[in-house]
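Every chain is named by a letter (A, B, C, D and E) in the order it is written, and numbering of its residues begins at 1.
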Amino acid sequence: MPDLSTFTLASTVAAVFGVSLGVMMPAIAMGWAISRALDALSRQPEAERSIMRTLFIGLAMIESLAIYVLVIVLIILFRNPLLEYLTQ
Amino acid sequence: MPDLSTFTLASTVAAVFGVSLGVMMPAIAMGWAISRALDALSRQPEAERSIMRTLFIGLAMIESLAIYVLVIVLIILFRNPLLEYLTQ
Amino acid sequence: MPDLSTFTLASTVAAVFGVSLGVMMPAIAMGWAISRALDALSRQPEAERSIMRTLFIGLAMIESLAIYVLVIVLIILFRNPLLEYLTQ
Amino acid sequence: MPDLSTFTLASTVAAVFGVSLGVMMPAIAMGWAISRALDALSRQPEAERSIMRTLFIGLAMIESLAIYVLVIVLIILFRNPLLEYLTQ
Amino acid sequence: MPDLSTFTLASTVAAVFGVSLGVMMPAIAMGWAISRALDALSRQPEAERSIMRTLFIGLAMIESLAIYVLVIVLIILFRNPLLEYLTQ
């Protein structure tokens, strides 16, 4: 099994860079949404309830995108189903 | 079977970077939609119901794009149909 | 058949990156369309029905572009017609 | 026949990336068209019929561009006419 | 086991760059949100409570993205589950 070490090495490096790249754009998107929400709050404070509800449902949907990346990275680190073909 | 290890290696790395790349633009798109919705809410609070409905149907359709990527990545990690040509 | 493993390897990697690339621009386009629809709703709430109809037909046509990519990727993963030339 | 495997390999990879690249700009173009149509609807709601007709003819013509890519990719995957020179 | 040293080297380097890349965009996003919050506060000081609540929940959700990166990096540094395949 000479390739097992290469496999663990590449998985580790890919996991780190994958999760780093995967949170970049969700963070930007959240920043936009929050800053626009604060702008809306200052212009229309009486619409606070509907602004907050829209913002938090939206943030939860963006967060779900980052969680997809996290789930794939954790699967690869802790229980990669492809690994059993190597360890046989 | 000398290529099975290369196959698992490349699949793993591709899965991580694929899902990272695949959530980038949906996240940006969601951020735009949410920030514009909050802007619209602050300017026209009485149109809340139609703004919310438009926003959430739109977010669901963008989310579906990210789920396409997730489905392909999970298929490749857990049950890649091309793998049976290698393990025979 | 020394090339079958290379074939499965390249197909898998191409499938992941293909679907990642393929959802990028449709996601951006949907984000634009939705954000402009919300803007239009806040300026002209009484035109809601025609705005919604235009938006959803438009989103469905953009979604169809992403589905083209998904269909090609699924064909290549599950039943690539070119594979029979290799397995003969 | 040493070249048949290389041929199928390159065809598969080219099909995936071809369709991914091929839907990118049509998606952007549709997004622009739809967002501008929604903008026009909110400013001039009484011109709805001519705006909708113009938009849908335009979307159909952009969609046709993406369908060209899809058709070429499906021809290459399912019945590539150049393949008979290799299998003879 | 000649590859163990390469493995630790690459893990360390990847951990450093991964966490560096992973905090970039959350930092930008937080900066946007905070600067917009201060802008909103200066225009509407009496809405301070709702602005602060929105800002802090939003910052916490962006922070969670950076924490995902940190968790993956700490897992890789302190207890990488893939390492047991190498040390056997």
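Observations
Basically, a contact is a pair of C-beta atoms (placed from the backbone, for glycine too) under 8 Å apart; a residue touches a chain by one contact, two chains touch by 3 or more.
By chain, UniProt protein names: A, B, C, D, E = ATP synthase subunit c.
Remember, predicted model here, so these are calculated numbers, not experimental data.
Here the chain-to-chain distance from chain C to chain E, counted in touching steps, is 3.
Seen as a C-alpha superposition, chain B sits on chain E after a turn of 45°, to the nearest 5.
Chain centres computed from CA atoms place D at the largest separation from chain E. Computed from the mean C-alpha positions, the centre of chain A lies at a distance of 10 Å from the centre of chain E. Chain D and chain E have Cα centroids separated by 38 Å.
Between the CA-based centres of chain B and chain D the separation comes to 20 Å, rounded to the whole angstrom.
Note on chain placement: the centre of chain A and the centre of chain D lie 30 Å apart, centres being C-alpha means.
For chain D, no residue reaches two or more other chains under the stated contact definition.
Pairs of chains in mutual contact: A-B, A-E, B-C, C-D. Remark: chain A residues 1, 3-4, 6-7, 10-11, 14-15, 17-19, 21-22, 24-26, 28-33, 35-37, 39-41, 43-44, 46-47, 50-51, 53-55, 57-59, 61-62, 64-66, 68-69, 72-73, 75-76, 80-83, 85-86 touch chain B in the complex.
Against chain E, the residues of chain A that register as touching in their complex are 4-9, 11-13, 15-17, 19-21, 23-39, 41-43, 45, 48, 51-52, 55-56, 59, 63, 66, 69-70, 73-74, 77-78, 83, 87.
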